[in-house]
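In this document, chain identifiers A, B, C and D correspond to the written order of the chains, with residue numbering beginning at 1 in each.
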């Protein structure tokens, strides 16, 4: 049996651990052959492959990124995309495809499996932890650790200078990284995309913190939005080149806090640092187990499924279950944190 | 309402995060008073208390250890232990007791609650992760991260010198730390207390690793035992003072590997380093939530219960459920790892 | 003898280690008394003091920031600044002042010592490492370690996505952090304030890196400037609020690289994270020794002097020597690095 | 010109950084060819070589260990060792040899250069920092950081349990790691090989620490010795197998402290963890510069020399200068630390 493997979407610590788990178990326990596809769906689309055997996965467990490369190529949007993939898989004698990716990558896998009968097994990957049907995805724990360590560092600067520090973390649609790192880092306010924030409330938290001679740290997800501030934000997030990358919501918020409280405020945007580097032990463990269980699914011919973590068990769920709906922060969970605000 | 708090047993990263969560929520949301008891059960036994209010818990979130101190004092074995505790609690007007500890500490709490009507709520703590009824305990993730980082470091030395490195990690009765850090660190053999190991098998793994010009790393839990080697181990584990501390099973194993394979072998015993220092983000998150939910249990008058993690939820279970039976590594889980051995 | 201690300017990992060294040695070996002044020169100016004895310095060695607080208050610009300081020192019976700070803080100390006969001993502090007369200042090694770790993390993302990553590090006037972290992190270009960079050259380095299927990382000091690009930079560095904070040179550079090479580019601005958190071992060692030697200078009555590191020795130099001229990166040293560019 | 490179002796973080610096500069700036010799002097002795070019050194900068392997093979003790090396170098058309190693490896290089006219340039390597003629060697800073982090972790355990913790660090003949990490970690006693320790004094430090309700941490170099306790130590350091590895001086000391003070004491032996893993930024910087300057020495035909750090400059010294005499801790430097003892 020959199995193709690809990694799609943004990179995520633990991708290599999945690949290693897949190959080690597939080769050693079942004698499978493997083919690596380069750069996500671009690989099968263009028959761009790379050797994938035991020596190829040696030493990659602690390394971030993906030895297969990644991209956001969507074969459903490519001309004759599906047909070309089917032809290439057939030409390369690939019997099954393990697709490691997030909502988009898995969405394609689901359609290939359901509509075109391609034997796909999915492995969920999202650093934002916003995929349904799994308690956690790998990469998230690493990102939270990095963000928490950064918040720890900012505390000392905040206090020495009595200055507001705003930390913008990843999370376009879900506030998991903000919530976990904010709680773990002892933030004085945590702002998430799931709940629009009230600027006056944030400023009042900031001010109450200063009253006890401590400087406040505000953690904000990149996708968080103020209650009535859309227009302002929209303006604010454009720099003079007309692109929106830098003057993100963190920078906008710091400016607002300065204007309203008169306290100096600074922003740190953690950016790509959160998704790089060696995975945490938890992420290596989870990713490795995902890899091992993905091979079991292939062996069982259980296609169209995705491996998932539930409690401490790895289970299989329909890929479509994971991609149907974003897993956002439960309001009750968010409410737990507010005892630490202010 | 006045609530006593104590921490018992070995220290564990996250204890301070629990205490902070308890006090912040208790004071701010419910207006409770707190009294800290020093050094586990010794505190209520000898009415040794320490002030526990909002300023006392400021800045302790990232700090390892416990601001309350800890001990292994067992009030059930102290003369008139129960009576003295009841008198002291009454004298100090303590209405409820939050006890943060492992099997022993919680066992006492369970009996105080069940047999003597003392209002106790438990918070599970064991760095070894061997308490039942909860998916994880705080401190475990930190220990696994530390052990994994050490294994990462040892890999480079192992390979540069073509030398066997044996890493002895914590785990007297359960192999959780060994299993998780061994998998995360890419160990070539993982030996746990739950399953006696076959020395010949271990040596064969070691040798097969050398054949591909890589040096092997063997992770062994301090409580792991060889199949037929009890007597040998017993001799080996005594040094010339007659105490068994140092020449633990790791050292014994390295000696055996040297004798049988002719390969140089070295041991690293991580020891107390695994339980100290700042908690990982996961442990801070878990410990903080345990603290918040313990206060909810007190407010609900739900005594004799322990907070526990199930999936991503914090639930309450009878304390006795957690202490009834050690949570050991499931043989199926251990079997998953063996694809990486050798 | 009573000694005042103050910390001025930006915070820096190691400040607390200096304070601890000063107090431990002063009290234990010479029986001196200490007074802490709050927030740099604001302390003696307003007689705002804090207790400074052995218990006050317990446990502060590994902590970032400064227990004394800091500010950029300049007493030379305050009304009757010098007179008020002299009066306050006299009222508080302070015999000598240990001032820990950078160019500005030490500049004031030098004048107080030289022109007004106030007994000052200086301890050099600058995270940018740009003070003359000392090989290194504490805080610098920590900042370089943090920046290097971030670059390590970005490598994996860069390679997985074949994207240019620009890292902006501290260094307004001197490129020490950029040079050291860039070399240590394996950057493909390092841009420093001491030498205007040629945009075409940078783009050519970027492109040559892509040719070997590796993604480039460009490290740029916040004070680095393009050769002919001043006007462009000036425009680019303003966002639509008209403030220049965010769209720093890193962001500007990423935009230029995108425009000229057609490669996607992203910026990470490390910001305050570089100056917070626990000091590295080297910085704790250096800061502690600075503290011990500052007390020796006081005991010797050797005022107007600053402690400094030369090789592995701590020596004393006139404060004015350190503040006379910025220590910038030697062109020869910078030239050493260029074998790694491209 | 063809240049051979070898790494000898114990491994050390930074070896790969030297190799990369050597090859990058040699190939790019001067067009040299390189041959890697495997496992120290065994390589030229047995003509065991490995390809060493730009692709071979890609990505190795942050990796510990050495891609060339290492050994303690001494060609002076091998039959016809020198003759075989000369023949092999000649057969392989090697014009010069860059030898990266410690006292032993460099000692051989010095003799090859001086007595047999082999063109050698040395790069100093010792994790213990005990080579003369250079302020620091790479690997030392990493080891000190690891030991300091371990001490930081042990502090919390020490305090929570009021227990003496003894930390045994590397340093057979010189106490540099003990001194630096002990100072940086805030140890309550630091014991080094250069000065025999007085057990009664150590116990008195331990006891005075307990009086202020803090638990003591004692850092001891593996080569430290008690004043009058040689015989005791000799007995104590043998386990029942008759080998001395484990019951090292740290374990012996903990036992003595327990016996004399009645306080519980535990030992942590950091061992190989100190020499593995990714190098610190300082070590990468130093090692890289050593590599660059070694190539300059080759180009200048300046053989028999070793690169060395003096202040912030890389200089060249006769190899013999470095190996003539061990660089031990200056008593005055050690005396600086004693204000923190007890």
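In the analysis below, contacts are C-beta pairs under 8 Å (C-beta built on N, C-alpha and C of every residue); 3 or more make two chains touch, one makes a residue touch a chain.
As the structure is a computational prediction, the values presented were derived from the model and not from experiment.
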| item | value |
| --- | --- |
| Approximate Å spacing (C-alpha centroids) for the pair chain B, chain C | 40 |
| Distance from the mean Cα position of chain C to that of chain A, given in whole angstrom | 34 |
| Centre-of-Cα separation between chain B and chain A, whole angstrom | 30 |
| For chain A, residues contacting two or more additional chains | 152 |
| Chain-level touch network, classified as line, ring, star, complete or other | ring |
| Pairs of chains in contact (touch as defined earlier), listed by label | A-B, A-C, B-D, C-D |
| Complex contact set, residues of chain C against chain A | 10-11, 13, 15, 63-66, 69-71, 146, 149-150, 152-157, 159-162, 165, 235-236, 238-241, 243, 245-247, 251, 255, 266-273, 275-277 |
| Touching residues (chain side chain D, partner chain C) in the complex | 24-25, 28-29, 58, 61-62, 135-136, 141, 144-145, 147-148, 152, 180-181, 183-186, 214, 278, 280-282, 284-285, 288-289, 292, 310-312, 336, 339-340 |
